[in-house]
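Mind having a look at this structure? Questions to follow.
Should a chain be cited, it is by its letter among A, B, C and D, assigned in written order, with residues numbered from 1 in that chain.
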Amino acid sequence: MVKVGIVGASGYTGIELVKIFARHPQVEITFATSDSYVGKQLSDAFPCAYDIPLIAHEAAPLAEADVVFLALPHGASADFAKRALDAGASVIDLSADFRLHDAAVYEKFYGLKHHVPELLPQAVYGLPELHREQIKNSKLIANPGCYPTGVILGLAPIVRAGANDGTIIVDSKSGVSGAGRKPSLTTHFVEVYDNFAPYNIGRVHRHLSEMEQELREIRENATLIFSPHLLPVNRGILSTMYVKLSDGWDEQALRELYADTYRGEPFVRILPSGQIASLAHSVYTNYCVISIHAVPDVGQAIICASIDNLVKGASGQAVQNMNLMFGCSETTALL
Amino acid sequence: MVKVGIVGASGYTGIELVKIFARHPQVEITFATSDSYVGKQLSDAFPCAYDIPLIAHEAAPLAEADVVFLALPHGASADFAKRALDAGASVIDLSADFRLHDAAVYEKFYGLKHHVPELLPQAVYGLPELHREQIKNSKLIANPGCYPTGVILGLAPIVRAGANDGTIIVDSKSGVSGAGRKPSLTTHFVEVYDNFAPYNIGRVHRHLSEMEQELREIRENATLIFSPHLLPVNRGILSTMYVKLSDGWDEQALRELYADTYRGEPFVRILPSGQIASLAHSVYTNYCVISIHAVPDVGQAIICASIDNLVKGASGQAVQNMNLMFGCSETTALL
Amino acid sequence: MVKVGIVGASGYTGIELVKIFARHPQVEITFATSDSYVGKQLSDAFPCAYDIPLIAHEAAPLAEADVVFLALPHGASADFAKRALDAGASVIDLSADFRLHDAAVYEKFYGLKHHVPELLPQAVYGLPELHREQIKNSKLIANPGCYPTGVILGLAPIVRAGANDGTIIVDSKSGVSGAGRKPSLTTHFVEVYDNFAPYNIGRVHRHLSEMEQELREIRENATLIFSPHLLPVNRGILSTMYVKLSDGWDEQALRELYADTYRGEPFVRILPSGQIASLAHSVYTNYCVISIHAVPDVGQAIICASIDNLVKGASGQAVQNMNLMFGCSETTALL
Amino acid sequence: MVKVGIVGASGYTGIELVKIFARHPQVEITFATSDSYVGKQLSDAFPCAYDIPLIAHEAAPLAEADVVFLALPHGASADFAKRALDAGASVIDLSADFRLHDAAVYEKFYGLKHHVPELLPQAVYGLPELHREQIKNSKLIANPGCYPTGVILGLAPIVRAGANDGTIIVDSKSGVSGAGRKPSLTTHFVEVYDNFAPYNIGRVHRHLSEMEQELREIRENATLIFSPHLLPVNRGILSTMYVKLSDGWDEQALRELYADTYRGEPFVRILPSGQIASLAHSVYTNYCVISIHAVPDVGQAIICASIDNLVKGASGQAVQNMNLMFGCSETTALL
């Protein structure tokens, strides 16, 4: 049995981890922490059936866990990761604190000095489709952001093949759970319902840094415009991506490229011609569903990628990483 | 022209007042206040086209208004009403502060000592269908609560006729705008969407006090169970009400009773047999739409009443009251 | 391995069965049928990852299945059940065709002559909490309706104890998937969204017949008013039920009654004092979640019951029944 | 008084016309037709308070109207327009039948031979911001499509100024009412809710033809990729448009360009720097709300345009056109 600890169980990624663990035959929850529900049960924090006691973050018996999942805001995670590693546990961090290799980029996008930059070199960006072998051998996983997961998986083949020419346009639409559980006017029901709103469009959203880091590791000039929008639904991200193609690429060639790239991947699904990825393809699953559409008149292609931001975009991918790290079958509890 | 002031324009009832006034040929907005957007425009507080400057509550030039609309939380309204009346303005208070004739009942349900109980005798409960003549001659209107508006209009005929026998069950469902604009976990999009939740059920919700006050003025023993539920929509209240009938009442008799009661009322609509009131009948209108359904086997009747909580349940009714007070046609800006 | 056949896999209960089976280690899908997608895959009928071929209803190799799940409209199911039984398979029928013991009541509520009334005596009403032992030994299960599941579980203890006095009011609210997948104006997005609508209120909805049949088996005078409403969400039913209490019953006594009744039940959850059942308690689970609220002033109680109409109200309960019939652990694939 | 006839009053654009006319002091509804509700009232076709009799299309007394609004599917409209013109009425056609100047383009995009191509030369594309003077003098208005209205208004300044370089990406998101009231699986509540789906992406959607026609009248090489998506809301279209800028253009220059272009336009609103157009800016209004965002690093600009598809994208714009044609103030009934 893998003994897991959850730090920050009363947020949306925390409860999602618990739901997945309930179906995982090789996992035992050792502790779960919360800042706002200390001394209560998880069933007090959410309308759910999980009677798991919630203890204070500081009271977490880190040494008793094989792996600690950090579902904390960025900034708070970094210190906790160090404590958990020092206590001998592996760490899967769902915050942004270890995603960027370069502390200066982190500081620029997050407006924070990194607390433990000395740990950055050992952190692995936990996208199994790109870094599976490193993940297996790592003790510190930076679980990818929700937007980057779909965007990187959707664009990696095209970037690797050099099939793109110029700036790629990423128009993304996300459900509200991606914004976390802290109340604000932005997430007030009345402001979101019946509405649809772009925000942080252009080249300013924090997740742009992750996308370009990973894509530039593949090919250095990859450049994006990234425009997130808030969708009036709870879960799911759909990214519609516009790529000017370099010479010689058509839909058939793209289809072969994607099929080759993701052959055997358990959680990437390429739709057949005639189908377009929608939120419904991925929500409540760990799949990233991708569709490919050439626009021959104008030499472009449209790539649509759909994920559930709480599953493949957060907790599902975190468990996928744990499965890899602890020798479980990669798909356990995720199908 | 009627010169109006709005105290609390950056809440949902405040913006709704502004929208209605934009269509009112006899109204001129003299000032609008806000606590959170002082120095900004209404178009900074809402995604709207109204470039109306927002000043601090305390800076409101009360004496320059013919009538001041108070869209403040209960407790805060009472003092402001006194100041406005002292300055010579009429007051239409959208809070609960002047709805209950008895300060002790107010204290019991709202947990607050009433600040200006000396004003209670002159306050008129602003439900035109019950108190039209008093409204015309009043300077202080207690605009009814959202739930009570539909419930009282739906039950008044039956209670007046003595057609009910025993406790009436009121099962109400409300959109989220009724909870106000202040962020909280209860109104967080993710908690409300895909959900439907009863709250304060039984005999504990504050609005029960209003309903029973008004119905007991009609017949003294009127007693309700009132169970509100939070609907995942922005606007509208539907109340489904179960009445055990006293002898001799059938659907035909009830239909005649309601037709007689509301004949000529511009904003009460009784649906014909075969139609059931739904939210869609009333949202974005000032109508209270009522349907009547006898259940002959068991000697009961079901009354459904639908309103838009921000219009007939708040700002529309407030303007209806203003129209009565200032000699405008009652329906101006409300059709 | 249990070999299952699904007749009607391209409807909402069909796909839900497939999702549950994907997690069931002792089930193998032998065939899946559809009327509208013959020759296609399930992934053509739904945005999902299940590449299961869909054959015509008539082509179903019934004899190859241990159990056939019928996800067909009422009327169509009865004949199919006979064919499957004759072929040696067990049958779990998700339609209404075998729920009512009395063909005359069926005819009255469904407007159809029953096709195989001779099978009615052997059909078991598949509500495990009431009929677990009979289910284990049956070859023909009438899987309960969605509304009746929550209502019967919510009221059975009180009716059995004789704690109720007079007509019980059942005010139910359901998500739209309960209405099936066939397009109609009633289920058109624009008509449902932003709306909330009562329908078939009083004593006319078909499901009333099931509720009263089961409750009258417990105590013969049980009588309900049943008012369903259409909620603008996909899944879930919340029923708010109003019971006049007979003498001597208070909240404490009711709590003990429900705790005793459902002790050890894996899928009934009674909420502690202070919590109220909401849709979020049950959706995407096989739980029926119940909360109990006395209203002492007026001698009544409010019982709230929440289920997911597609899980405990249909496909989850069907699998729970299958688990019982085939000796699997009752909770397999359902937690 | 302008005497108006409505052909097709029981669809979403029909009821929206009626709502607007209810506030229009110079309009009198002469007749309203429907195919599915002949002999009934508008209040039977919608949950509304309009007791307007619905007659058969063929029974419409066209000669009694000053202007006939055609809210019919494309194909059906063309013939009706001819009849109405022959009867002496002006025509405002909300279908696509007269929007494309070239019958061959119509045939290509709509798969239909045009029935009355001889009328095309006299039809005016009813976008007041581009063709106000022609509209005033026309008897046959082709009311623009919903997507084209926002897209053309959002791009016209940039195209006229030659500020764009290469293919423009238009990523549009629309509420469901744009798909009409006819039930289909695509508009079934359960399929749309909790979902978000691209459709007809690339260069295949019918509305692309309108957009390019109008933009190419301004500058001949204008070329778009147009990707519509179905949003789970009832109303509103938001288009996010990506433009590669030609040399010398920055945000300041763009802001001046848009301010100059739309100065004095009553229904175009350019948001100040720091605000982004969202659905909430325009729904239930006749505004087209535009925001401008340069992305300097990559020499591009993002233009966001928001309209209500039923108001500025259909019935509101139709009334704006009528106001122009009949000498009413352009904004009457539309503020």
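Note that a residue touches a chain if its C-beta (ideal position, glycine included) is under 8 Å from a C-beta of that chain, and two chains touch if they have at least 3 such contacts.
Keep in mind it's a predicted model, so treat the numbers as computed, not measured.
Chain centre most remote from that of subunit B: A (centre = mean of CA atoms). If you compare B-D with A-D, the chain pair joined by more contacting C-beta pairs is A-D. Taking each chain's centre as the average of its CA atoms, subunit C and subunit D sit 45 Å apart. Inter-chain centre distance (subunit A to subunit D, centres taken as mean C-alpha positions): 39 Å.
Centre to centre, using the average C-alpha position, subunit B and subunit D are separated by 36 Å.
Each of residues 47, 194-195, 232-234, 278, 280 in subunit D touches at least two other chains.
Listing the residues of subunit B that touch subunit D in their complex gives 22-23, 46-49, 194, 269, 278, 280-281, 284-285, 287, 289, 335.
Touching subunit D in their complex are the following residues of subunit C: 12, 47, 176-177, 181, 183-185, 187-190, 192-195, 232-234. Those residues of subunit A lying in contact with subunit D across their complex are 167, 169, 171, 173, 191, 194-199, 201-203, 223, 225, 227, 229, 231-236, 238, 240, 242, 276-280, 283, 293, 295, 297-298, 300, 302, 304.
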